[in-house]
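Multiple structures follow.
Same chain, two partners: chain A is paired with chain B first, then with chain C.
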Partner chain A sequence: MTEEINERKDLLLNTIITKRMLKSDFNILKYGYDSTLALNSNNYQNLSIFFKAEASIILNGKSKVIVSDIETDNAIMHKVNKIIPLPTTNNYIDIDPDLALFNKTTTDYFNFWRSKLIPKLGRTIFTVINSGFYSYDIEFIDKGKSNYENAAYNYDFLRDCHVSNQMIKMENLRTPKFTFISY
Partner chain B sequence: MTPTGITVSSYLENETDLSEFNKAWIKTDLKNTLRDRIDYTIFAPNN
Partner chain C sequence: MEDNINIIEAFNFNSNPNIIFGDIQTTDGIIHKIDKMLGAINIFDFSK
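This part shows the complex of A and B:
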């Protein structure tokens, strides 16, 4: 474990967020994202961390808090059972409950597409939350069909969710002169 | 946040099940990255 962290400082920075978060704070929020001190090597923006608080607090879908709320001078510490993995788009699509239906449309047939969603490629993906599917007048998910059939049916929708070679933040979209550089 | 008198570094030095994390903390000199006036949350992996 130490050798892995020593060689990759980003793994260590990925354990730190710049606010005070007690176990009770996570429990109130239930799940969501925050930012760590680790930086994306492509655009030098802070990486996100996903937490989910149920019986235990789980970070990025892998690391479990085993001892919580240790107070020190300017930090709350929580012990976790393993190194928190750096985030990937695929990982977040898999573990974010708001994206369960979006996840379903991107499994199986579209795994080849999802395999390209790694940070160094600098893509943007606009993920639709579950309620977005419910309110649409087209059935995106046919429960009588396989994941493969559903994904193939939704090919155009999935393609339109992706922007290649451009990492877009909300503040970019708010810029008057913002333009997409790809489809 | 009320100061507890215990720094992150001193806490890590005394927690045997965080000794591996402490080594990485020292090697990367991370305490100098953290600013005193900001409250942080740290998830420390045990050994």
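This part shows the complex of A and C:
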């Protein structure tokens, strides 16, 4: 019961972006992330929200803004057609256009060990953007091969992108004696 | 590997990727977007 209440609370807080964003702001940025008031229950950090502005603004890949820029005393309100889902790592890897190749080579192939982690500890994923797959002379993606074959070929690289059971923040990475406790 | 006489030369891909956007918080973890593949792999060239 407590979990259900917390989830509902998070869903409500997940609708509030921590800064003033008009439709024109979304349109200028085209796509990107911002923070909401919802918290990750394990590390108490504000959850991110992904927006993509094309014909309409889509939030976390599911909710479409149907009426925008409603001015109120203390905020800008946008009406959406669906509840904005709480984000997961897989969800963002699926919908972020910068991660299309990373998604292609990790989806399915890595699901079996992604699911083995300890939920409370979470994970950290260093996701390579599309251009990163072409930063060397060697080809990481062979268009003639299936996603599964490409994932198998790049297994070591892609495995090293995933840190299981540890949520590493930027401030951790900047700490001189910071160590990875697992991978 | 044709024989054991060949010198094994490792090309270490020291990529030093930059985090171009970090601290993307989700319910199950954190994502950092990086601009290059991580360089933790060695390629061994037996051809020389």
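What we mean here is this: the second predicted complex is superposed on the first by the 164 of 183 C-alpha atoms of A that agree within 3 Å, B and C clash if a C-alpha of one lies under 4 Å from a C-alpha of the other, contacts with A are read in each partner's own complex, and residues count from 1 in each chain.
Note that in this section a contact is a pair of C-beta atoms (placed from the backbone, for glycine too) under 8 Å apart; a residue touches a chain by one contact, two chains touch by 3 or more.
Here the structure is a predicted model, which is why all the values come from computation and not from measurement.
In the superposed model, A:R20 lies in contact with chain B only, and not with chain C.
Of the two partner chains placed by the overlay, neither chain B nor chain C lies in contact with A:K145. By the document's definition of touching, of the two partners only chain B reaches A:I66; chain C does not. Put chain B and chain C next to each other and count what each touches on chain A; the higher total goes to C. In the overlay built on the shared chain, the residue A:T88 is in contact with chain C alone; chain B does not reach it. Within the superposed three-chain model, A:A75 lies in touch with chain B and out of touch with chain C [touch as defined at top]. Shared interface residues of chain A (contacting chain B in one complex, chain C in the other): none. Those residues of chain C lying in contact with chain A across their complex are 13, 15, 17, 19-38, 40-41, 43. On the chain A side of its complex with chain C, the touching residues are 33, 35, 40-41, 43, 45-48, 86-89, 91-93, 96, 98-99, 119, 122-129, 131-133, 135-136, 138, 140, 156-157, 160-161, 167-170, 173.
Of all residues in chain A, only 1-2, 5-6, 9, 12-13, 15-21, 37, 59, 63, 65-66, 70-84 touch chain B in the complex they form. Those residues of chain B that touch chain A in the shared complex are 1, 3-8, 11, 17-18, 20-21, 23-25, 27-28, 30, 33-34, 36-47.
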